[in-house]
Structures are given as structure tokens and as C-alpha cells.
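So, here's a batch of structures to check.
Shared between the two complexes below is chain A, which has chain B as its partner in the first and chain C in the second.
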Partner chain A sequence: MTIATPLLSVADLAVTVPGPSGPWTAVAGIDLALARGETLGLIGESGSGKTLTGLALLGLLPSGARVTARRLTFDGQDLRGGEPVLAPLRGRRLGMIVQDPVGAFNPAKRIGWHMRAVLRRRGDRRPDAAACWLSAVGVRAAERVLAAYPHQLSGGMLQRVLIAMVGALEPDLIVADEPTTNLDAVVARQILDLIREQQNRTGCAVLFVTHDLAAARHLCDRVAVMVAGTIVEIGPASAVLEAPRHPYTRGLIATVRSLAARDPILVEMVGEPGRRETGGCPFLSRCPHADPLCRSDPPGLSALRPDHFLRCHHPDV
Partner chain B sequence: MSLASRWRTPRMRILDAVSLSLAPGEIVGLVGESGSGKTTLGLTLVGRHRPTQGTIHLGGSPVALGTPAQRRLQMVFQDPLASFNPRRRVGDAVRLALDVHRIGPPSARGDIVQALFSQVGLSSEHAARFPHALSGGQLQRVALARALATRPDFIVADEPVSKLDVSVRAQILNLVRRMNAETGVGLLFITHDLAAAQFLCHRIAVMYLGRIVELGTPDAVLGRPRHPYTARLVAGTAYDGAAGMDPRLGAREACFYASACSRRLPRCTQERPPLDETGLACFHPKDLPPEPGRAAIPALA
Partner chain C sequence: MTAAFLRLSGPTLRHAGGVVLVGLLGALCIFAALRLGPGDPALTALGEGATPASVAAYRARWGLDQPWPVQFAAWLLPALHGDFGTSIAVASGIPVSRLIAERLPVTAFVGAYALVLATATALVAGAVAARWRGRWPDSLATTLAVLGVAMPDFWVAYLLIGSLAFGLGLFPSFGYVPPSVSLTGALSSATLPALAIAAPMAASFTRILRAALLEESLSEHVRVARALGHPGGFVFLHHVLRNALIPFVTVVGLQVRYLLGGTVVIERIFGLPGLGALMVDAAFARDYPLVQACALVFLIGVLAANLATDGLCALLDPRRS
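== the complex of A and B ==
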């Protein structure tokens, strides 16, 4: 994970959120580096902390949540400075694509109003600029879309508009949080391809937060797998998703392969996604290979190869 | 059971001349894109919508809304958390189904609830929890237990695994298959996940804009699709539905797929192809070029 001059560099990031029984550390010990033009997938199930991690980088956590990190830099700027540092970056050099595009628009304003707001920020005053950016994401009837209210467009079309808006900002880093989860498979592919085209055009880095393994394999250079608030495996997408080493990743891939192989009874993973426990391995309660060592000592992230890291006491079981 | 419903809003006919029958204990998959009318058909079957036209028969007799026959039709929804009352313990939610339909003597209903929970792999400890204290997969198990509580002939399951984590999906799909084998309950499995449909279903119906365009065994429909839309769906190739006007707003006496179809002939825009006895609604199933387009996200190898 040593990138010469990373765009984004994160060391020992933790997020603490308020809970019914006091503050609770939902994410801990996150180390990440992201190079310009690179796509890193952040894979995990619900409650694994992948969305919190993405939001923490942009300073968009819900109120009451607290971020700590040993290092949190974006292009040399220390993001630990909070809003004074982040506010000028967001919407200019840091962009975001959200899961629910409907919620990203003001329902009382037409699409054109939203596009113009973004273009003003960029200083682009060409009369046909909004239509240009929409046609860049494959919207054919741009004028009709610009005149529409958000509720008049499909989820896929709104997601396109959102990508056009992010594209117009030409940010250096885009955090895409489950951008295809609410879409049909066919539309999802189109959206992923648009994100990639955007990246090829501007050379931006993308942090792609998802639970969709196929989408991650399709889009990402590297992936990080999160379990209970911690990265348990990180490496090239091909290595992690085709020859996984962590028991969680292996179990996940086995269930997906089982469905594709038309097994009469599907291979199941044991247990349910759980919360972060203190002490021990984050995957302890669901792991078929857990032993006393896993209960007493949380495993550290160790290198299998120079670019493939694993958090497990039993990498060869 | 058969259904022919025409669901009309002031502006648009969402389901159009849909006929479908399920044998006892059969699992029929309903696949298609968002907006094709899958969910509307499911909700109409369980009496949530009143069809503008057509009837629903259960075991040979027509079903009227709000009658005891409704007990025999149950529903499992996509979003497990939204389908439970947040202020009612999940065991009580299952118990409510027994109370409403007066199943078993009141003194025995607690035991029936226990039995249902263990049938879906949960304990009495889970039954005492509120919905927010259960995971998505656990809640979907409770939803299945609640649906089974009334001993239905038939359950409409609307995307029951699409909101669940990948690690949990296989558990629920295996459970649904086991429930079907153990209790003989039939299932309308609404999904856009073709692999899941292939795993669970005895037959698959493909819907496009409110009409069934192809119906048959999974191997036939997904393995050797005959309708050009099914071929496109299976290949996962793109159809830019946003490009044109919704055909449902225009002439009904046409194939709705005609405007997107590379095999279109004049007849297709003048006449509607009916679903024939082989389970196909297309005038030109063969010997025409494959549908162009871009593939969906490739599956993991």
C-alpha cells in the first residue's frame, strides 16, 4: 500500500457514533491510500462501516459522530482541520455520488436549476453548458430533462444527471456510495461505465463504496473488504475477488459462485452481519477457523504480497 | 389459480390482459425490469389492488377481497424493516396473524408461534425482540414465519432477498426452497435476479410493460429465450427506456416491445401478439438478428 505520492492518505481512522449505551466506535484502524486516477472499492455488508468511512473523508458524518485519525491528508492538506479545510474542497475538488439520487435533488426545482448551480460554481456561463454536460453522460433529450422536475425522471436518469453534475465539477476525488444499488442490472452497468469514462477524462480518483462484488470487480483497481468496522483484506481487485484469503471474503465468494454454479442447495455463510466487538478478531463470531488466539488477540494487517494485505491469524487454513 | 387483471389509473394501464396460473406448490418467478408491473401484479393477487377487469381464482372459486379466502394468500415484502410495526415485538406480529384469522385455540397460539420461529431457524429469544433489534436476514425469516402462520396456499414474495447482504441471501433462498418442500406452499417469486429465479423456480414469467411476454421452465426461458426482450434481459443488454415515450400511453393494439425491437415488422405495430400456448407473445421468434446492446456487469467467475 505504499503509493509514492498518494492523493488521499489515511492512517488509523476511527469513527465514533452516539449509541443507546453511550458513544460507540463503529469504525477503527482504517489505513488507506489512494493514487490519482485510481479506483478503490470499499466492500462490506450493512453495518460494516463502509459508508461511515466514505462520509468521514468528506466531513459529512451525521451530527454527534466524531472522527479521529493519525493521518488524514488530501493532496497535502490535513483534513483533520475540519470544516474550514473541507468546506472549500467539497463540491470543487471532492465530489460525491449517493445511493439515492432522489434525495440529492430539491424536489421543488427543475433539473436545469440544479445543473446551473453547479456550473456557476465552476464559473461556466455558456448558455448550452448544462445540455453539453448532460449529453456527455448519454442523455439524448437534454432539453427535456433540464425542464423536468426530479420526480418526473427515473432513478437511472437522475443518477446520470448526478454524474453529469459531479463531472462538471471535475473533482480530484469522487466518493461513490452504492451508486447502482437501487438500479436495474442493465442501467447499473451504464452508470458504472459513465463513472469510468469520467475518470478516464479527468484522471480523478474514485472511492467506490459497495456491497456488490461483481460491480467492484468491474470497476475497481483495488478493493478493501470491511468487516465490523475494520479492513480485513485489501489488495488488487483480481486477487481479492478471485483468490480471496480472508475467511469472510472466501465465504462471500463461495456463496456467489454456488448460485452461479446452480447448486441444488446453496453454500451458506454462517451467522449474520454483526456489530463491532471489543477485543479479538472482528470476524470472530462467524469464523469457522476461530481459536483461542483469535479470541484474545485482534490480528494485525500483514502483507501476503507487497500489494495484498490480510488481517487474519490463520491465512493458510 | 388464474388471473386476468386490467389495472387502470386515470393515465396508464399498468397491467394489461395478464393471465397466469399456478399449480399447488409451484414456484413461479416473475422477472422483468423496474416498472414492468411485477409488484403491481403481486399486490393485485393478494388483494391490495382491485383489478379494473378480470378475476382471481383460488382452488377453482373466485376470490373476493376481504373474505376468508384472503388467509390463503400471503405476502413477503422487499424491505423487511418497513414491513413490521416498529413498536410491536416480532413474536407478537406473528401472533397477530393467528389472532386475526382465528387459527388454533387461543391457548395454543403461543406454541404455534414458537414452532413457526424454529421452522425458520430462529429462537424464542428472537421472538421477544423488536424489529430494529434484528438483522435484515433475521427479519426476513420472521416475515416468512408470519406469512406461513395462516397456512397459506400461496405466498407472493416481492424481491425478498434483494435488500439483504450477499452473505445472507443464500440462507434465505435455501430457507424458501425448504419451506416450499416441507409445507407445499406455492410461491410467486418476484425478482430481477435471474440467478436466484433459476435456483428457486419451477417456471418463470417474463414481464415487459405490464404484459407477460414469455413463460416457461427456467432452462427454456433463461437458457433458450425465444422472445427478443427475454434474450436481451438474459444477455443483460441495454435498453434505453428513457429514450422514447412509454408505449403504454399510446396505441394498445401493438406489441409494446416493437419500438425497441430489431425484429419489428409492420404487423407488430398493428396487432398485439397474445401469449400463445407455448408461452410466447411474439410474432417473430426466430431467424432474426440478435438484439444489439451492451452487456450488464459480468458475474464473478
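== the complex of A and C ==
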């Protein structure tokens, strides 16, 4: 990749998680780089390992999961050192926004308690600090929200509060794990705009994990497409989403377009999202163009252009 | 504070109405169970060789010749004002309320002592087991908990007497000193009975707290708290332990009835002049008014504990309002 001294640099990241029949590698061969202020979309269907990848970067995987990487550096620090390295970074330089804002708050504590705990950590002891940070994310009745328990607020409101808390910490990298999936379209757009505002204010990088292609196009500079635990295509958002090259990306975009256009015959992708297969292409079982080479040799990530990479033996089919 | 009180009072008051109903039904059950059970107070008091005339005189004297509904009303209506009649066998002629007033504080003291011991032990052992899950402190706490659950309280009682009373001479094995006479003496004399009652309870509390802590530690708000940079101790205290207390308190509240059941046996073993021991004596003597009153007091104790548990849970969990 062409970015000079990236903020985050990942080479050959793999995540092994415990499964019913022993540990299995859910994510493998992830190569990523993220510059300051940049937004990288991590696109893929459920089970493709995009959330695990995001959690691995923060060291927040469930217990039993193991992370390995050839390189895993954040601003020069080797994150492979685990908790001793990651714990001081979290909440200071690394932040996270989650898919389920309702579950993100302790149901037994008021919003004000959550805000104050974060602001104390940041050293902000102004009496109106919490209200200030809430108004920055467009919450008007700040006092009412601060006095409420999480179950008394909507998902969109809670997501704003979470963004306010993460924003107050001013991290350099935010992992946003499907932050709009549980919200309706209007609120989702507002939340995306808030994330962008946050980015404009602090110049932070965002790893935007999503399966929403429109949201990715709206927010991201670059996108990476994941299939079965590995990245199959990565490049500028405009190139990948408007002129996709990988059969999976093409299928995904054709399906979305056919849904949007209300085509009488839905363009569907065949097959089910599956596990990583040993040997061969990760998209093998679902690819219309698979041949013996795809079966025997896993394709490497090769450059189509200096900034657009593809993991496919047949880029021109 | 006002808000907390309102939150507490709404569902609790509604619940209180139910409690009164359950109490009345319970009183009916107690009354009926005694009369449906085997044995006759007159024959028990006068002996098998009593003449029909003396039996009839005894029955007439204590109102046992009246129809059941009349007997029930004659018992319950004064009982609502605290008058439980007089003992007819165990302490013939002495007001039941006086006997209970003498005995109840002993049971309440030992029971509360046991509950404090069990809860405190479980809080420490459960938290240690969950914090070091899968490591030796967890194995130790879990093994002890399995042992504690498997051991009946009367067996623990003899084990404690053998070791701590006769072996080391740390605590008396028999008798009771009221706290009004000497607080240290009371604590010393109640330690072994309280331990015997507390051991099985502490074991099951520990298992429940450990499971609740482990479940809570998997929740999303714990992950988010860590992502926000809160230190491990803060997350454990305010996110994991705080929320695991809700199921824990519920279970502790439900266990109070086993605690009261435990006192019946344990008071006999340790020679405590408590309500449990009194009730056993009264049951053997077919002393209807006394058994009824003791059972009713136990019932009220259980209902009060449930009510208190509900109130505590409503305070701990704002979603329950």
C-alpha cells in the first residue's frame, strides 16, 4: 500500500476462536493500513469475520480467541504485546462504537453516570461537561437524557450518547462496528454524519465495519471486502463500489442494485456464506468462475492499480 | 431519594396486597393441616387411658368440640390483634404470644447471623472464583461449594461440634446467651449453629454468584466499558458485580425459607431456646394453638423476606418499575 507511515499497519492477521469441534481460524491473512484521518470500510456479510477483525485490533475478543499477526502496529507500538500495550491505549487513543447501543450501556446506571465516568477519565471536571458533550452530538434535552436510564431512551439517542463519550476521549482510531445497523434510515444517516463530524474535528481514523454498501460509499475513503475471514478486494471506495472486480463484490453490488431497482427477477448470489476452506480460494464454493487452479491454489492479493488490490486468479473474467 | 422511594413503593405496595392474601390462605392451610393430621390433643395430654368424660371435658375447655369454621374464626380473629390464645399442652395456660416473644428473638438472631455469614462468604468466594476463572482459586471455591451443597446441615453441625467445640474449644457446643446479656457471649454461642445453617447456603450462594458474574461479564456493556478505557477493577465493580447482584439478591431472598427450616433442626442440636425447637415440642404435644402460631410466624417471616427481596431488586434494577 502506498500510504507513508500509516497510523495502523496490519500484516497477515489471523484470529482463532474456540468452536464446537475445537479451535478454528475464523479470520486469516488480513493486510490493512490506515492513515490518520482516513476512513476504511470493512464490508462483508454476517460471519465473514469483519467484526472479529475490528475487535482483534482493540484486544476485545471474547476469552479463548487468539490473535496472531506478522505485523500489528498502531502509531509505532506493537499491539501484539496484548493487554499491557492495549489497555492504556483503549479509551485514550483507540475507541469503539458498537452495533447495539442499547446493550452498550449498563442498564442499572443512568446516562449521566456513564458520561461522568468517561469525563473523569479524561480529566474534564466542568459541572456542565456532560451536557456540553451531548449538545455537540445534537442532543437538545441534555438534562433529561442524563437523568434517564438506558432503557428509557431510543437506540438512536443511545448511539448519539455513545458517540459523545467516544468523542470526548478524542481517540486517534475509532472502530465503528455496524453503528447504524439497528437504526432506521434517517437516524442512521444522522449517526454517519456525526461520525464524520467527529473525524473532521479530531482528525481521527475510522475503521467502519458494515454490510451497508450505501453507508460505506457515504463515509469511506477506501473499502475492503471480506469473504470467509479474508479480504478479497481492497481499494478506493469509488473504484471498489462502482467498478468492482472480485466476483463476490460484483455479485453483492448486483444484488443491491437489483433490490433498489425492484427488478422482477432478483439477482442473487448462489450458496451460503461458509467457513474458510483449507487450500484454494475463500470464495471457491460460491464462485461462478471457479476452475481447478482456484481449487488448488489460494490466490494472493495482487495489485490491479497502485491502490486497488484483488484476491482472484481471474480478474478479467 | 423520592424517586427511588416511588419506584420502590409502586410495585411493592401492589405486591403487599398479594402478601396479605397469601398470609390468610397460609393460615387456613396451617389450621387444616393440623386437624387433618394424625393425633388428638386430648389423648396426647391425658394419656391413652383417659376416660371419655375427661376427654370431653378437655375438648370443651379448649374449644376443640366446636365446628372447624368456628374454631378457625376463634383462632384467627384474635390472632390478627396479636392474641394467639394460650398453650394447651407444652406450657399449659401460658399465652402463646408470650412464648413466641421469648423464643422468636433467638431464632431471628441466629438466622440473621447465618444469613450474614452465608452472604459474606459467598460474595468473597463467588467474586474470587469468577475473577480467576479456571485457575486454582476458582477450583478451590467451586470444590468447597460442591462439598457444602452436598453436606446436610445437621451433619455439618456435628462436624463443627466435634472440631471447633470439643476439639479446639473455641465455641460452646450447647446453650445460648441473649445479646441483651452479652453481645460477645451471644455471638460466641450462636456461631456454631449459624455456621451449620450458613454452610450449605453459602455454598449455593457462591455457585449462583459465580454464574451470575460470569454471565454478566459477557455482556456488551462490559466490552464497551473496557473499550472506553475503564480499568479492570472499575469494570468488575460497577458493571459486572453491580449487575450480578440482581439475580444474587433474588436467590438469597428465596433461600430464607430454607434458613427458617434449618433452624428447626439446628436449634435442637445446639440446645437453643428458639422458635424452631418450640414448634417441634408443640407439634409432638399436639398443642394446636402453639403450632399454629409458630407456623404463622414462620410464614410471615418468609413473606416479609420475599417482600424485602422484591423491594431490594426494584432498587437495584431500574427496569423493574
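Definition applied: the second predicted complex is superposed on the first by the 317 of 317 C-alpha atoms of A that agree within 3 Å, B and C clash if a C-alpha of one lies under 4 Å from a C-alpha of the other, contacts with A are read in each partner's own complex, and residues count from 1 in each chain.
To be clear about the criterion, contacts are C-beta pairs under 8 Å (C-beta built on N, C-alpha and C of every residue); 3 or more make two chains touch, one makes a residue touch a chain.
Please read these numbers as outputs of a predicted model, since none were measured by experiment.
Considered on the superposed chain A, chain B and chain C are sterically compatible, since they fit side by side.
Once the two complexes are laid over each other on the shared chain, residue contacts for A:Leu301 go to neither chain B nor chain C. Of the two partner chains placed by the overlay, only chain C lies in contact with A:Leu60; chain B stays clear of it.
Within the superposed three-chain arrangement, the count of touched residues of chain A is higher for B, of the candidates chain B and chain C. Applying the stated contact rule after C-alpha superposition, one finds that A:Ala35 touches neither chain B nor chain C. When the shared chain is aligned, chain C comes close enough to touch A:Arg90, but chain B does not. When the two complexes are overlaid on their common chain A, residue A:Ala11 makes contact with neither chain B nor chain C.
By the touch criterion defined above, A:Lys109 lies against chain C but remains apart from chain B after alignment on the C-alpha atoms of chain A. Of the two partner chains placed around the shared chain by superposition, chain B is the only one that A:Arg217 touches, whereas chain C remains out of contact.
Rounded to the nearest 10, the superposed model shows the Cα centres of chain B and chain C diverging by 70 degrees about the centre of chain A. In this overlay, which is a superposition and not a single complex, chain B and chain C have their closest Cα atoms 13 Å apart. Within chain A, not a single residue is touched by chain B in the first complex and by chain C in the second.
Only residues 33-35, 135-138, 165-171, 173-174, 177, 192, 195-196, 198-199, 236-243, 294-301 of chain B touch chain A when the two sit together in their complex.
Contact residues of chain A toward chain B in the complex are 45-46, 139-141, 153-157, 183-190, 192-193, 211-215, 217-218, 241-242, 248, 251-253, 255-260, 262, 265-269, 272-274. Contact residues on chain C toward chain A in their complex (touch as defined above): 218-221, 223-232, 234, 238-239, 242-243, 246, 316-319. Looking at the complex, you find that chain A touches chain C at residues 58, 60, 62, 87, 90-92, 94-96, 98, 100, 103-109, 117-118, 121, 149, 151, 162, 165-166, 169.
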